[in-house]
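These are the structures, in structure tokens.
Two complexes are shown next, each including subunit A; its partner changes from subunit B in the first to subunit C in the second.
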Partner chain A sequence: MSISRRNFVIAGSVAAAGGSLVLSACSSGGGGGGAQGGSAASATYSKVTVGTAKDSTGPAPQVPGARKGGTIHALGPDDFSHLDPQRIYFAWNSTVANLYVRCLTGYRIAPNGSMKLVGDLATDTGTMTDGGRTWTFTLKDGLKWEDGSELTVEDVRHGIERGFASFTTEGATYVQTWLTGSTDFRSLYKGPYGGKHLDSVVTDTAKKTITFHLKTARPDLDWALAMHSYGAVPVAHDSKEKYDKDPVSCGPYRIKQHSVDKSMTLVRNTHWDPATDPIRTAYPDSVVFEFGPEALQATDRLIADSGTDQYAVMAYSGVPAERIQKVIGTPDLQNRTVNGLLTGLYYYAINCRRIKDVKVRQALNHAWPLEQIRSIYGGPSAGDYATTILSPDIAGRVKFDVYGKLRNPRGDTAKAKSLLKAAGKLGQKIVYTYPQGGNDAYDKTKVVIVNALKEAGFDPVVKPVESTSYYDQVGQIDNTFDVMWYGWSPDWPAAYTLIQPLFDGATIADNAPNVSQLNVGWVNSAIKKDAGVTDTVKQEAAWAALDKEIMAKEAPIIPETYQRRYYLYGTKVGGAQFDPLFSAFLVYKLYAKS
Partner chain B sequence: MTSPTPSAATPFEAAPDNGAVPPASTAPPHGGGTSSPGRIAWRRFRRDRAGVVSAYIVLLFFVAGIGAPLIAKVYGKDPYTTYGQNQPGLLNQFGFPIAPNGGISGDFWFGVEPQLGRDVLTLLLYGIRNSLLIATATTLLVTALGITVGITAGYLGGRIDNLVGRIVDILLAFPSTLFFIAMWPVLISILVRPDQNTPTWLTVVSLIAVMTAFGWAPIARLLRGEVLALREREFVEAAKVTGASAARIVFRELLPNLWTPILVQATLALPMYVTTEAALAFLGVGLSDPTPDWGVMIQRGAQVYQNDITYMLFPGLSMVIFVIAFNLLGDSVRDALDPKARR
Partner chain C sequence: MLRFVARRTLSALLILLVISALTFALFYVAPRDPARTACGKLCTPQTLALVRHNLGIDDPLPVQYWHWLTALFVGRDYTGLGRCPAPCLGYSFTNHEPVLGLITDRFPTTLSLSLGSAVVFVLFGVGTGMVAAVRQGRALDKIASSASLVGSSLQIYIVGVVAMYYLSDQWRLLPRPTDAVGFTQDPAAWFKGLLLPWLVLALIFTANYTRMTRSQLVETLAEDYVRTARAKGLGRRTVFFRYAWRGAMGPIVTILGLDLGYLLGGAIITEETFGLHGIGALSIKAVRDNDLPLLLGVVLVAATAIVVANIVVDAVYAVIDPRIRLA
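Right after this comes the complex of A and B.
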């Protein structure tokens, strides 16, 4: 299956602009003040549900007090790496893609952060037949490209077929794989430029329908199609590789001017009809991205709040460690922040090929010093303790705490020691590894981890790996590490995207995401069974139960944190909201105050 | 800056200023007429108040470093225990000391380290100990190697000089830090089994070795130039004519005239190696936590100073004091040895 780790790594390394690698908010500063530092972490986790046809009709719910007009500025350290929807995979590119790319489905995000999958170009989230092998979507009326021409089902199909082209390797690969039944799908179909269309995607121009015939049952195709990699592209204006420079908009804004690495100006797309769009509000007349200011610089500008910076937001890099204490500690500034959890989970993978005894893996879970680790990351402002494989914003996730980590986040070394004794593995050697070089927080957490492991009767060995080759080295099947720092971000908020890639024994391969190398019969068959369940509610319940069962019976990972990120915005910006999907601002919901 | 001692230098000023100290044996008698040049220099040095104070300060640092385990024992703390993590009430939820001034208290005289919560005083003492050990060893080795190579090349000249010159050029142009970052993991993976911790002594030895390997070139090049100028001088010619051996010419005629640049270079080098070692540690190839290190402490201080200035103050201030004292000491020693090089 796909390496969505890429999504994860880059989403994080964007934050590296703030000076640290994957964890941005992590080595954050605290103050000399009292023990009650900030009011962070009053989290209401976003809920994810599937919406109806009614939910899919526009216009989007209006933001109370919003004003039309004006310009919103967004400051980011780097230009977007891709604008061609089929080449967009990384979260930060999606921040801007939200404004001009539309897919068959999309997420309508309520003010409280809960998400609803609705039809964006389609009238609803599709009709599934044949047990999940056939999906049909009907297009809305009144969809237009920025030149006024009609957006047709051919354009939607073109967007899917472009995903097979030789120049779109950066994008997601789920749907291509499901349509062809092969991960080597580019050898089976070369994209739409030879004049051939995919047999498995059927369009009906008169009825405005597009039908997908999948090789395997995929009850979650509607989720996958919400990825910008499957956005529509006009057949008439497709300039192939050059489309990356000048994409055509069907969203509320079109790209008017783009100086690479300097700035990008988006202005209103007059042919966009709000009545077709249940997701986007689009109040400002234009959105201007400025590239260059590093996270620290952008934060300081927004703190100063002068000139056009009053209308500015941080595009995708969060408040860095150096300023987090100041921002959270000053009420004036704190009122100008949004924060939320990054999608996905940070955890320590236990190498099940080397640590075969479940008791030892459970002992590691008991001993792990979560509180000490998080205090090094910056305390509650850096994130919430994780106890489950599924992160809180995954549909159907049920919270549990098998190892008592929420009651006792400092770790229970006595319990761990007794488990080790029972297993006859006292003095078990544990080779721990982490990426070294990007972020020195891991050099600190190493100290508390080693202390805890020693106390629990382990013999810890620390083997840091240089951060640029870290993922390649821990990705090797025959690596010599026992416990590996790791993280995973799902591509859509469904349990499958976490549990299948991480724990399906069939996926074990060099550089595959299953770094725990868990290969247990009952887990493998449960994954296969749950993925085929067509009833959403039952499927979600099955995944939640499997989540708990894997943690309790196999303990292949030590969940660490669901990380939190803070963003700052200017005093004249209204409608600021954290995007639970791409972990930045929902730019299409912002408005400029008068 | 120090002021040279005019009275003691008077007899020398009468001598024609030819830029070089005549051979030791011909030095004019001073005072009682029985004083050796060393004694004269010592007497001159003792009159230089700034130099003496600097010497005491430098001595204090070395004593503190060497005596760190003793001091820690009397004080009752060690630099490895994470007090702030173990005892509630020392660090707030952001991982910073709750008490003002970096958590200074009767228990923690210099405060508590942010986040890991170790004791700053013992951390600093052990950090000074480790850093000074590495920097001193490197400086001694670099100076010895630089002197040997520089004088040899300068005195022998010809093809050897050419060869050494090219090696020096390569070394000066070599991106040594990058090289070390690239080679370090390879070296460690060869020397240390994958299921074994990297021993600290190995880190220290390889740090010293690499810094020495890339550090001797500047001093060697400088001395070579000096020797090239000196070897044509009359007193060297005279020694040659009298049949002095090469060793005698190098050690008795040339070397006494080179102590000034050597001392200046060495006193500049020692603080530089403290910072180089810290930079390498930051890049993940030097000493790392939990091994205390002075430079690493300062670096950490620079990251957290907005929230905890105290933590930066102690290692930072002590480093500034140490570097200034060391440089002043170097100046004074130079003045004492060579009163004519006046500023």
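Right after this comes the complex of A and C.
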């Protein structure tokens, strides 16, 4: 079984299969798109930039040779868990949300995979004043809901305010926290249903503006607002809990039919005006999702390429390890693939509460056998070696290799041993854990990990945890593990969404993502300082420097891989492109060939 | 007969009650928290408490069970989601549907899969077994016996995948399995969509029926009363069908009843292999999603199918074999 819908860390099952879901949050990137075959090293990473008002105007750049009409089919193992924008966080839900949800901002993705943050509902990416504490957005003209009614600033505000309601616990919480200054924001405001609006969000219907007054400076509010959790919802048609079943569209498609866990059909929203949309092209008349086929089945169907499968794509589960060599080794099939890196980072968190000596943590980094691990995952087609905390898709990320893992990916056990000796910790016991039951790849990698650790002078003890309770157990502050397999995906392509949740000592709590439990004064203050820098270039440089400094001075994690995924599509599908944000197809760019 | 059915129904209800209580208790023994999934990425203790309240899992376990039990008879109101009328099996928060609705939505696939394959494997299994018994010791018997040995050692998750790969994808002899079209919508498309799963399921189940039929018939044909029938000068056909066959069918019916009960409870591996959306696939989803109400629902359906199948088997057995008395 390929998935375990747990947490928002990257699913344990993803790593080696390459054929399951990214259970990560909305995130971003500029991975190497296009059909690049197995040459993982050929991936290029485009800088993520902020677009202008001109970039924010529609229609979206057209796909050469595309034709309108027809139906695109998408095959996926599971239904979407949420359709209500305020309850959407998982990447695979966003694959469909892209078709009917629109936010103030969004990402315009070029054919080469580079991304620009642009105004989606807004005319641009907003105006920041007061050092990042106040942001104002103006709505475009001609925005309509699927029933033809006008989409207003009140609808945008309603989407923000719904994020405080008691039933939208699954969604993102950044903006709510920034607006109220508290992580317990629901105790301060309970959502829009009592007739009360947030004082900190002010709308001007005449001017079509919405202004956010934040408690702290957030120069990255425009990025956060691109998350589907902050999508607009019509005040007049909000059915609260029931909205999750029947959301109203302001995008190019509306949901016509949905049979839970079986199928979903989206058809054109005739009230969507392409002139307002700089992101979506929307060529097919309808998009049909079929739920059920696991990655292997879907791959075999697309290899066979018969009937409607000629118009089909793999919705969000990629080509599994069993078929990857066949697919990338057969030219006809390889030409029908897109691939790219998953957003975020897979790593081994070192429990700094237990392993207090930095030299021991550094020794673990030196010893870790990345090459052996990756070859078990499937070799270069499974991903690239990771050496930094920031993944390649993060704006401003600078590549470095403190522990020489790119030069010597097999690990330097001699160096590790000397460090351990210097620390007087030869024979140090290391309790290593990983999720067991979801994917047998970790059962295989444990062998090479144990061998490397023994060679480096450690005393490794392996204690796997059943995959369904894995994140609960490693999330406990007083857990008894020293090294824990883990993964994290950013919510927007800024370093803050990786470094702050993972390494800010203030966030340490049961079930919090800082499983390394790093709590170091200089790191905590650097995070606080960098987050408030309003100059984008300076901020990016500061984060990149902090990334390297944390790895060199604290070594709280062992970066593993930036994972790659391949997707297959039918012979009559055009416009196929890897989505660097949600690590699947950009469904709104696909077209059905005649 | 009526007393028998009433007594068995009562004991069946008791069994189902015990099963539901056990499932309830076992679910909470597992070290995982259903609330965590709905608690968001940066889950705070306050949000976690709110989710627990929303899911109705902040009450003590016996209270939760009592709510679930009473809802079966009087229905239940879910804040913001409306009323779940009796018999209410609970509300699946993961799927945003009442559990009963999800199950009834999936049942036609399970029913089609079970009955369709049963028709094939009973016809082929019993038929081959009969031929083998009549031709005992000859080539046909040996072939049928060996084939059934091979068949019974096959596994659906291997045969199914191989059959789909070659028969559907490579040679395109049979359509890819699908349950998208129901029997009432388009019987021909329904038939085509389920043909491959029926055949694969039948391939595996047929073997048991062939072996069972053969051995039962061989045994019965050697019985005194059959010999007497022959000695009376009755025709071969009459002896075979009216005397031997009827006597041999008892154990076959028992196995068929249990197999049907098992299949109606959800053929998990079959459904997963062929990507079908029946009760089996639903039960896997319930486990994966930590969805207690749905899990209870599918467990009860499976248990009911098996319990009912047992009652039916006992009743039918008595009809077939008058020597059995329903005491």
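Here, the second predicted complex is superposed on the first by the 552 of 594 C-alpha atoms of A that agree within 3 Å, B and C clash if a C-alpha of one lies under 4 Å from a C-alpha of the other, contacts with A are read in each partner's own complex, and residues count from 1 in each chain.
Note that in this section contacts are C-beta pairs under 8 Å (C-beta built on N, C-alpha and C of every residue); 3 or more make two chains touch, one makes a residue touch a chain.
Given the structure is predicted, the values throughout are model-derived calculations rather than measurements.
By the touch criterion defined above, A:E294 reaches subunit C but does not reach subunit B. Once chain A of one complex is fitted onto chain A of the other, the partner contacts of A:K240 are limited to subunit C, with no touch recorded for subunit B.
In the superposition on chain A, A:A172 makes contact with subunit C only, while subunit B stays out of contact range.
The wider contact with subunit A, measured as residues touched, comes from C rather than the other of subunit B and subunit C.
In the superposition on chain A, A:P61 makes contact with neither subunit B nor subunit C.
By the document's definition of touching, of the two partners only subunit C reaches A:D184; subunit B does not.
In the superposition on chain A, contact of A:G131 is made with neither subunit B nor subunit C.
Look at A:S306: by the touch rule set out above, it reaches subunit C but stays clear of subunit B. Residues 466 of subunit A lie at the contact with subunit B in one complex and at the contact with subunit C in the other.
Of all the residues in subunit A, the ones that touch subunit C in their complex are 1, 3-8, 25, 78-79, 81, 89, 166-167, 169-173, 183-184, 186-187, 240-242, 244-245, 259-263, 290-294, 296-297, 300-301, 303-304, 306-307, 466, 468-469, 471-473, 491, 501, 507, 509-513. Across the complex, subunit C meets subunit A through its residues 30-33, 36-48, 50-51, 54, 80-82, 94-97, 102, 105, 161, 164-165, 168-170, 172, 176, 180, 272, 275-277, 281-282, 284-285, 288-290.
Within the complex formed with subunit B, the subunit A residues making contact are 27-38, 321-323, 325-326, 372, 375-376, 378-381, 429, 431, 436-437, 440, 443-444, 446-448, 450-451, 461-466, 480. Contacts from subunit B toward subunit A in the complex involve residues 82, 85, 89, 91-102, 114-116, 181, 185, 194-197, 282-284, 288-290, 303-304, 306-308.
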